[in-house]
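Before anything else, here is the set of structures, which you'll find just below.
Okay, so chain A shows up in both of these, paired with chain B first and chain C after.
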Partner chain A sequence: MRNQANPWITSNLPLLGLAMLPAIILIGALVYFTVWAFTFSFTDLALVGRKSVEWSWVGFENFERLFTRRGFLESLWTTIIFVFFSAIVGQSVLGFLLATALRGTSSTLKTVVEVCIMLGWLLPDIVAAFLWSATTSQTGLINALIVVPLGFRPVNFINEFALPVVTIANIWKGTAWSYLLFSAALDSVSREVVEAAKIDGATPFQRTWLVVLPIIRPHIATNMLFITIWTFTYFPLIFAMTGGGPGRQTETLAVFLYNQSFSRGNLGFGSAISVAMLLIVGALSLIYLRMLREPK
Partner chain B sequence: MEPGTAPSRVLSLGLAFMALIWVSPFAWLFTNAFDPAATGRLAIPQSIGLENFASAVSGNAGQQFLNSLLIAAGTATLSVLVGIAAAYPLSRLRIPGRNAFLWTLVLLRMLPSIGVLVPIYFAAQRGGLLNQLGVIIALAILNLPFTLLLLKNFFDTIPIELEEAAYVDGASLWQIVTRIVIPMSRAGIAVVWFFSFTGAWNEFLLPLIFSRVEAAFPMSVGLYAAFGLQGAIDYGFLAAFSIVYAAPAVGVYFLLRRNMNTGFAGVGVKG
Partner chain C sequence: MLKRTLLSSVTAITLLAAAAVPAKAEVTFMYAEWLASLVEPGITAFEAETGEKVNAIKLPGAGYDQRIALDLSAGTAADVIQMDSFMVSELASAGYLHPLNDQAAGWDQYQYYMPGLLEVASYDGKVYALPTDTDVRMLWYDKSNFEKAGIPVPWEPKSWADVLDAAQKLKDAGVQYPFQLPAGTKQGEAATMQGFYMALLGADVPEGDRNRLLNRATGQWIGDSPALRRTLDLYHQVYVEKKLTPADLNYAADIGAAVREALANDQLGILASGSWEDACLWDCNGVNLPSREERDAMVGWTPWPGSGEPGTKATTNISGGWTIGVNAKAADKDLAFKLVTTIFDVGNFKAWTLANHRMGVRTDISESPEYMEDAYLAKATALAADTTGRDTVPGYQTVSALVQQMTADILDGQSVEDVIAGYHAALVDEFGEEKVMTYE
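Here is the complex of A and B:
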């Protein structure tokens, strides 16, 4: 349709096709890698040694190991707790509350708070990990300013409360994204609707719960979709802070996948873990996309 | 709620307090970075100096800075060039299968990179690409769906009338693209380039499995390797190194914030 009217395009079709070629090759590689991940999960491919060359098909053995050996199910549970508390309870709820609270305040305060929480979001993962390891160490900020002045012995938080510490670090790091999204969403809610509810005698809580939230429902679904996927597969922060430890307390699926694939060298089993992760992420996306589409 | 009433003032105080808590972890970073005799404790420095920063940009650390720069700029440039070349035909042509391709891009954009980690490693190992070039190619592949979709959206907003006028005046396809399309979406291209740059600058996992020697580490892996060491840790150096490493990523955002508006809104019929 459009290209019939544009002679400079129709006369250069081969050239334009050629220009698309590199992108098609790279995208093709990505699709190919995805298919490969599925293929590898049925093999006993290893990182080093004989099985890195002479691997063989093992059928569903890797997937059986997911459920029969210790490790996967524990990691899945750790991941669910991590995602629930850091992404859904932490980043989403806190981001929404911040966006709501900052609507009524002066623009200076708003800018200051925004810049502060953006710093966490912008900081490279490894710097954030280093910062939080230091903050929660025995001589760190929390011990020096709170625990010791109150007369307690310094606590080594990262050892004794590893999962809560990484959860808080991730809330600190990621809230800005949810905040920005909800902030934009609240701007799209028309003032008249909220005012009308106010005149009808709705309390602030009712106005938020019954009026604002249903309107911004698509934004909530979008936010959930992205932060759940990101947090579910998030690797650097936890890995750099704890390496999955102590023991396996903070070994989320991403860390488990790394440890199995590149520390233990079981690339076949690692691929089975990544396939399981892709399937879970896919299922979660479908649920949120349904939520996005169907109006209540 | 009128400004200045009691609940609003309490709210403001609460928010200010929260902002303070949010930046408090940085206190430690700065006191240690500027203290030449830093011990890793949270303390007021006895003396202030830039020795830590000097060592954070020289020797191995300086090399790692250059490595990060190379990887980030290489990834951003490669994916933007490949992206522009494909985004223009995608935006202007109605080829069969175009929508299927665009939906594939959207799906791939959601694909967590850790899911394809093993095949990428395997392919790089077979291709002898376990080095910086390999990291750049792998990151460009992972980044391309995002780049391509954004660039196509920018090109879509350029009015076709401008290109028609240029064609009538005798411009070739090459001239139309380089003299009209690219200059008009310059701000958008800059945004995409900086996004890709920051993403690659922060990347940790791929360089971690691709880099074999310390001299080839980017800063993310270098920092991880340094603070993962047990025993004698030079906290002053690490704090300064962290600031040097974080500065471009943070700085680019504030650069971007102004550009963002021109990038998304300024591409118009102004021509």
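Here is the complex of A and C:
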């Protein structure tokens, strides 16, 4: 390759440096923020006040507090539940089931369902949050349309079942991505292979479990990787719907990080939380990347 | 050939980039949406008078404090900024704000500002912002629901027990939100001031600041005290033990709108809030307000009673308010201050204060006949005779966030004992052992 390039370009170091500049700036910006968070996680830097200018090093104090003070471990647990049920079980499984069911159906039905799924995805988070709040409140749509006409007392869903409600809202919001990815993946499975299995006497379950799933395994891993990272750090929908409450019921790590950094104003502690989040998401990504490898 | 093309492209791009940079500076201004009716006529007048352009950045009220603090610390805030008075000393201590004394000395209307209110917006003897209004806090109540629950109106509770008793009656009468006592982290400062601090002030005797968050004589934050425990117990009774009100209004997508909707749907019993609600229960900018008579028929208010413990105050009150100040990084500070004074020019400022029933911060307004003849303002001002301010020393914002977290933990079903222990530990983390004290 190098030999084919114009010798004037390859021998002109300043020009090469100039051409590399955008990439260096981009990578530099990405690294800068990570290094910033990592560095300040060892300080008592505050958002406002004296400690915002005269901060000092505190060693591993912030990291110790992740475990000795109330908040982090609870939020981690809330986040795990939220990610597991809304992303892995909800979006992924639902997306796969929809993609399987709609494969080979008439195009009109498919279009209608696809548009419906996409609407949730296309709606801005804040609009979706208002919509779900209105739907699940005491005087909301579900109560007015279902609960009260059936003769039950209205239930304040968003107050009494806050975590399930935000989980369902996020499934509704994010299933489109998994659906699209799995639809494309299923299209890549050749019909011959599936038909051959059918002729060999495989049941529909066996055909899916033993033939289709192994073929689309890399797609499943990619999907898991993406939606786990997104959902783990997801903020707007939950914050707008409940602000982490009632109490701490829906305080995921992202909401906890926001409250500690910007309401309490402790950027050092907030940085420690974000470093911990980075490590957890990094570890999860490694697991998924291993899944992407072909089995021996 | 290639070289020439490359060079000319680079030159063209550089020229384009240079042309994209604005040639002329303008004054930028950040304010909350609910203050539009005060600042927007001021902006128009400023632009007409000076010929300069104001880049007005109108922000939603939710999360406003965090946004201002973050923008100032990141160096991206506007030249002129509206901010809650409690933040001024903290922001000034970090060097984010520009002291106004010299410029204000040359402004003929500066003399009318009440010294006590300028004090709140000061740090190290310098004034860093000018107040827009002050306020008092009280318990608002829905008269129709009180009638439904068989509680006589006007309602005059004498202790927390009376308030809880009324809330229980409202609950029994089927009112959805019998006692909306602000709690949790989502509404920020509102939970601390409208709820927690109002109760705290009446929870113990005032001597030695036993009924406060800060011992002002020693400068120590109070990490444990009977007053804190009693106040947390009040929250525990309202939200957990007696389940007098569901928590969801504190966490709604738009809390202000949710409260207004609850009132409009006759779902609200008692609301712990402040004097601005005379307009804000319908619209903070005063658009389509019901008439005085209609409002009086719908809602009433009463001072917050003390707890009823021996020696505590009969009624409590704490005042805050908002301010407008100038960024230390403002390019043209004289122009920025000119915008401030245009907004606060007596014509505009007085009209807004009266129309929205805000409590005046200047004697030329509060001693005017129109102000003194207003029945609502007269009653609210009487309440201000016995008021106090927040502990507006640096660190208050952090303590306030920790207080909000305490109320959230109570909602979560934590015991008062555990919540206090967590609060004390967090105070020590933030300020050090020697800056935290306890009362037996």
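In this text, the second predicted complex is superposed on the first by the 272 of 296 C-alpha atoms of A that agree within 3 Å, B and C clash if a C-alpha of one lies under 4 Å from a C-alpha of the other, contacts with A are read in each partner's own complex, and residues count from 1 in each chain.
The rule we apply is simple: a contact is a pair of C-beta atoms (placed from the backbone, for glycine too) under 8 Å apart; a residue touches a chain by one contact, two chains touch by 3 or more.
Predicted model, so just to flag it, every value in this text is computed and none were measured.
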When both partners are placed on the shared chain, which of chain B and chain C touches more of chain A: B
Contacts of A:Q249 with chain B and chain C, given as first, second, both or neither: second
First, second, both or neither for A:N6, with chain B first and chain C second: both
Touched partner set for A:F40, first chain B, second chain C, both or neither: first
First (chain B), second (chain C), both or neither touched by A:G49: second
Partner chain(s) touched by A:S285 [first = chain B, second = chain C, both, neither]: first
Partner chain in contact with A:G265 - chain B first, chain C second, else both or neither: second
Partner chain(s) touched by A:G120 [first = chain B, second = chain C, both, neither]: first
Chain B versus chain C as contact partner of A:L109, first or second or both or neither: first
Chain B versus chain C as contact partner of A:R69, first or second or both or neither: second
Footprint overlap on chain A, where chain B in one structure and chain C in the other make contact: 6, 8-9, 15, 126, 129-130, 133, 137, 139, 240, 262
Chain A residues touching chain C - in the complex, by the definition given at the top: 6, 8-9, 15, 46-50, 52-53, 65, 69-70, 126, 129-130, 133, 137-139, 156, 158-159, 162, 240-249, 259, 262-266
Touching residues (chain side chain C, partner chain A) in the complex: 2-3, 6, 66, 69-70, 72-73, 87, 90-91, 93-96, 176, 184-186, 188, 246-248, 250-254, 265, 394-395, 397-398, 401-402, 404-405, 408-413, 422, 425-426, 429-430
Residues of chain A defined as touching chain B within the complex: 1-3, 6-9, 11-13, 15-17, 19-20, 22-24, 26-27, 29-34, 36-37, 40, 45, 98, 101-102, 104-106, 109, 112-113, 116-120, 122-127, 129-135, 137, 139-141, 144-145, 172, 229, 232-233, 235-236, 240, 254, 257-258, 261-262, 267, 270-271, 274-275, 277-278, 281, 285
Sites on chain B touched by chain A in the complex: 1, 3, 8, 11-12, 14-16, 18-19, 22-29, 40-42, 82-83, 85-86, 88-90, 92-94, 101, 104-105, 108, 110-123, 140-142, 144-145, 148, 160, 163-164, 167, 171-173, 176, 201-202, 204-205, 209, 219-220, 223-224, 227-228, 235, 238, 242, 245-246, 249-250, 253
